[in-house]
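Two complexes, one shared chain (subunit A), two partners (subunit B, subunit C).
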Partner chain A sequence: MWENLDFGQAIEYAADPYASIRAWKNETGKKVVGSTLADVPEEVIYAFDILPVTLLGTHKPLRKAPSLLPDNACSLARSNLELALTYENDLFDGFVLPQVCDTTQHMCDIWRINFPDTYVESILLPRQVDRQSARYWVKEETMRLISSLSQWTGKSITPDDLKRSVAIHNENKRLLSELYQIKRRHPETITNKQLFSLLKLSMQVDKKELNESLKKIRDGLKSHSDGRNHVPVVLTGITCDPLEIFDLFDEIELNVVADTLVTGSRNLQGIVDEDKSDLVEALMERHFRRGFFSPIHDDVFKNVEALKALYKEYSAKAVVYVHIEFCESEEYDVPDLKVAMKKEGIPFHMLVTEYQTLSLSHVRTRLHAFFESLRESGR
Partner chain B sequence: MRIAGIDVGSRYIKVALVENGAARFYREETGYDPLSVCKRLIEESRPHRMLATGYGRHLLGAERTIETITEIKAVARGARTAFPSCRTIIDIGGQDTKVVVLDAGGSVANFEMNDRCAAGTGKFLEIMAHALGYTIGDFGLNCDADQEVTISSLCAVFAESEVISLISKGVTREAMAKGLHNSIVSRILPLVKRIGFPDDIVFAGGCARNLCLQNMLSQRLGKPLLVHENPDMLSAYGAALCARDALS
Partner chain C sequence: MSDKMSSKDLSKKITKEYMDEAFHAHDLGKMVGYTTAVSPVELFVAHDIIPIYPENHAVACLSGRMGTELSLATESMGYTSHLCAYARSDLGYRKTGKTATGGIPDPDLLLACNAQCFTLTKWFQVLARKGNVPMFVWDTPEYIKDKKAREEIIKYCVMQLREMIAWMEEVTKRKFDYDRLKEVMKYSAESSLLYKKFLDMAQYKPSPISIFDALIGMAIAVYRRGTQECVEYYQTLVDECQAKVDRGIGVLKNEKYRLYWENLPVWFKFSDHAKLLGSYGGVILTSLYVHAWSLEFDLDKDPLLAMAEQYASVFSNSTIEDRADMAVDLFKRYDMNGMIMFMNRSCKAVSFAVPSLRDILVKRTGIPALVFESDMGDPRFYSETQIRTRIEAYFETLDRLRL
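Presenting the complex of A and B:
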């Protein structure tokens, strides 16, 4: 299904992967489990021969979600609920939902009530990650998830099953990192839209198949110029959706050279130590190596430090922050982030996005005007 | 050489023609087919060179490979030329509000725009004027009322409901008009204060034609406002000037 994609098909599937997931499910007879952001150990789900799919919202109209979540709840949370309730309600055999913020904690109960005949498991991830007990907790939660999936499927997994799954996921992250590196140096070779479509798709489809496409895409690339006309920028936030925002980036020749997006580089940081004898321990260790994620880190300055380092390392010209409307964690962090960027003298631009009601013409004007003035100031 | 700036706005398409140091202005309603209106205006004005701006600028960019700039840059260039002391521009158009701060050299130093909703913009004024039986031209001339009425909703739908409720309470339409203008100013002020507003301040966009808004905004900011005789033309004018700059 996804082993022979070119860039065009990858963009098409990334915009709406669900039809292809449904076809894959019918073809293979395998189960599909959805998860919301972030940090569900998908390697565990995959080891059970189940397809883990990260739910990344829908831009289709809200019908049922508004009666379950108020207008001022996280726009992504509402959109994900709608996706599962209305548009893809026959696709998912189960859900594994991480509890990472107030909204997602309450969401787990809402999902349980609304999907009474579906497997719904939660995984509670600690917020105070600096505590020693957090490590114990994450490992216990991972083992509990394995036990829960085992009970649901009536199967158990061997260490080799988990090892194979980890290897596929690691390879996926390495291949995407390679493509990112090529794009960073040669932005004419891979556009922002193409790269971030692949990153998104990799969180939603079978990575074993997609890895074949990634290898073919990588091998078929011909590097052109060094991207001298492109403006290097660092992107931050949780997600950058819809993918059409990257068209706007491409339109004004921005080159995303680095990011701290949860659906971007933070996902690629999730490589697990395959050589470790206890892979559950390795999965736990991976959890704490990943970068900043607003809901599970109480120190926004970790993100500031990461952004400063990336800005410097890649000689970026600005940091673009993508805000999800009514994401309470981001709402708390953004004032400090703005002040810190200003203090550091880093040009900073904030794009506000909202599922269902985003006006791209507004985003376009803001983005164009920001970089127009940046170029004029000679930075 | 005749140089044009065309501002494809949400309510009006404005053209500024700069020739031999003088500027002429034209405008037409945007309607449902802005590209046709643009084409006609271009054919009538026959510029040798032009630049497009405004929310619909990309229609022209795609169709005729005409270069584009944002309305932020355009209004900055236009306002600064019309008023060389200008450092802040408050531009309220048909569907958005922009506050632009210029550096000492006249380049854009910072800007803010309203959220995606058109609350508190020209479109809102139009709907409210219609609800109270005024033309948009007369609306700002009929706010002379002693009675203080607070309109809390800036959503056109909710505000209209509030107005209907006030009508049933016997509140005069002049008082409601004053309350509506006041609510728009209340919406703009946080945007202005967030970004800062160094002197001198130019009030631009179609809403700057509204005398009541001019006075209220000036009063609430505690500063005088500079208003061009064609405040809605400053972006088109700025685009024409940028097109001329590019030649040199």
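Presenting the complex of A and C:
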């Protein structure tokens, strides 16, 4: 299904992967489990021969979700619920849902109540990562997930099953990192839209198949410009959706050279040590190699320091922050982040997105205005 | 009895002495630790750290109708108007210095517990950055139904309490005294039981207390838990209420509707709501929110375990189904016949469960629910006419059902 995609097909699937997932499910007879952001150990789900699919919202109209989640809830959370309740309600065999913020505090309960005949499990990853106890807890929760999936499917997994799954996921992250590196240096070879479509699709379809496409895409890359016309920028936030936003980036020749998106580099940071004999331990250790995620408590200056370091390392010209409206967690961070960026002399642009209501023309106007002024100022 | 102070005077005295001590903490060689209303504050008390609750200060400011003014000050710093009103009030107070009380001293350390919400963690992170103050997050995963998972959650929570003790020792450069903790826990357990007894006075007919009495009465439980004076205060309060019960004195002479309230109150509409509901013969008796401090510590257990069990299982950290069980228990014990479900824009952690909770409670009790949306502290999000109309319509529905 996804082993022979070119860039065009990958973009098409990334915009709406669900029809292809349904076809894959019919073809293979395998189960499909949906998860919301972030940090669900998908290697574990995959080891059970189940396809883990990260739910990344829908831009289709909301029908049922508003009666369950009010309009001041994060639009990603609302649209994910709508996606599962209305648009893809026959696709998922189960859900594994993390608790990360106030919006998701009772999300698993809401889904469990509304999907009474479906497998719904929570994963309660620690919301602090600055102490030893968090390490203990990640391992406990990973083992609870294994036990829960085992009970649901009626089968158990062997260390080899997990090892094979980890290897596929690691390969996927390495291939994507490789493509990212090419795009970083040669932005005319891979566009922002192409790269971020591949990153998104990788979180939603069978990685074993997609890895074949990634290898072919990599091997088929030809033109290698130096990207001197492009403006290097660092992207930050949780996710950048819809993917058409990257068309706007491409239109004004921005080159995303680094990011801290949960659906971007933070995902790629999740490579697991395959050589470790205890892979649950290795999955736990991986959890702490990932970067900043606003709802998880860590060093309170970590995001600023991470962005400063990326800005410097890749000689970026600006930081672009993509905000999801009503993401309360990030709303506590942003004012300090803006001040810190200003203090460092780092140009900072904030894009506000909202599923269902985003106006791309508005985003285009603001992006144009910001980067025109940046170019005029000779930065 | 005549020489004994009233609960009201006792509350004033305790609060004054507490705030005086907090403002002079450094002169007394003590530190000020900010903490969240539901948190293992007994550790602070046992370690002679004076706990200060920015939430309580915010309540005073919001009840004093300063919500919009302070929020606008916060918004001028780039924060949005849909953050928690407590946080908006607090950040606005720090910018303007405006307060309904004498303010609160700055923190030397910060403790956030996410059993009530994660907003407090984010709000305290802002304060940690502002003052470069050390911060500890006591992470309490949702207290899900699975028995084995619960045991693991408690184990994780206890592990963190040990880390917290080590953190406090590092920050204060003093050794923690476990014997002192046992003493503090004794007071905390005793006052919590008395507090619960006070809340349970609402089971009498007519009820001698309304939720508004409970909201005033809970303050000492929040900020003086673990002290002897807290025990004295609740003993006095219980005695006063019992005297009312003995004399058949209720909040309303003609108590017609005994109501459940879901969520935190609309602080700036406190007395207006009591009067409006009272005019229909309605009295709000209780909520799960006020019961959050009805803690039942098992003193036979290790204090850290006893604390973890109580704080991790608070209503806001329980599943929606468990929360419904807790509410249904109150409906039965207090014989309530109406419910008002407040969708509080400020409090996402509690409010996003409300639509699902309403459906369960209506189904299980057979009682219709009034649902309204507003903000607990910001009058800009309160529509007077709309809410009044809905309350009127709700009582008409209840009247019709009684016929």
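Operating definition for what follows: the second predicted complex is superposed on the first by the 375 of 379 C-alpha atoms of A that agree within 3 Å, B and C clash if a C-alpha of one lies under 4 Å from a C-alpha of the other, contacts with A are read in each partner's own complex, and residues count from 1 in each chain.
Convention: contacts are C-beta pairs under 8 Å (C-beta built on N, C-alpha and C of every residue); 3 or more make two chains touch, one makes a residue touch a chain.
These numbers were taken from a predicted model, which means no experiment stands behind them.
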By the touch definition at the top of the document, which applies to A:Val300: first (subunit B), second (subunit C), both, or neither?
second
Subunit B versus subunit C, judged by how many residues of subunit A each one touches:
C
Considering only touches as defined above, state whether A:Ser67 meets subunit B (first), subunit C (second), both or neither.
second
With the two structures laid over each other on chain A, which partner does A:Ser359 touch: subunit B (first), subunit C (second), both, or neither?
first
Quick check on the superposed pair: does A:Pro126 touch subunit B, subunit C, both, or neither? Answer first, second, both or neither.
second
Quick one: is A:Gln99 in contact with subunit B, with subunit C, with both, or with neither? Answer first, second, both or neither.
second
So, does A:Trp137 touch the first partner subunit B, the second partner subunit C, both, or neither?
second
Contact-wise, after the overlay, does A:Ser373 reach subunit B, subunit C, both or neither (first, second, both, neither)?
first
Touching A:Tyr332 in the superposition: subunit B (first), subunit C (second), both, neither?
second
List of subunit A residues in touch with subunit C within their complex
67-70, 72-73, 99, 101-103, 105-110, 113, 122, 124, 126-128, 130-134, 136-137, 140, 144, 294-295, 297, 300-301, 326, 328-329, 331-336, 338
Subunit A touches which residues of subunit B in the complex?
55, 58, 69-73, 96, 107-109, 111, 113, 115-116
Subunit A residues touching subunit B - in the complex, by the definition given at the top
352, 354, 357-359, 361-362, 364-366, 368-370, 372-373, 376-377
Interface with subunit A, subunit C side, in the complex: residues 77-80, 82-84, 87, 112, 114, 117-119, 121-123, 125-126, 128-129, 135, 137, 139, 141-142, 144, 149, 152-153, 156, 159-160, 163, 316, 319-321, 343, 345, 348-349, 351-353, 355-356, 360, 373
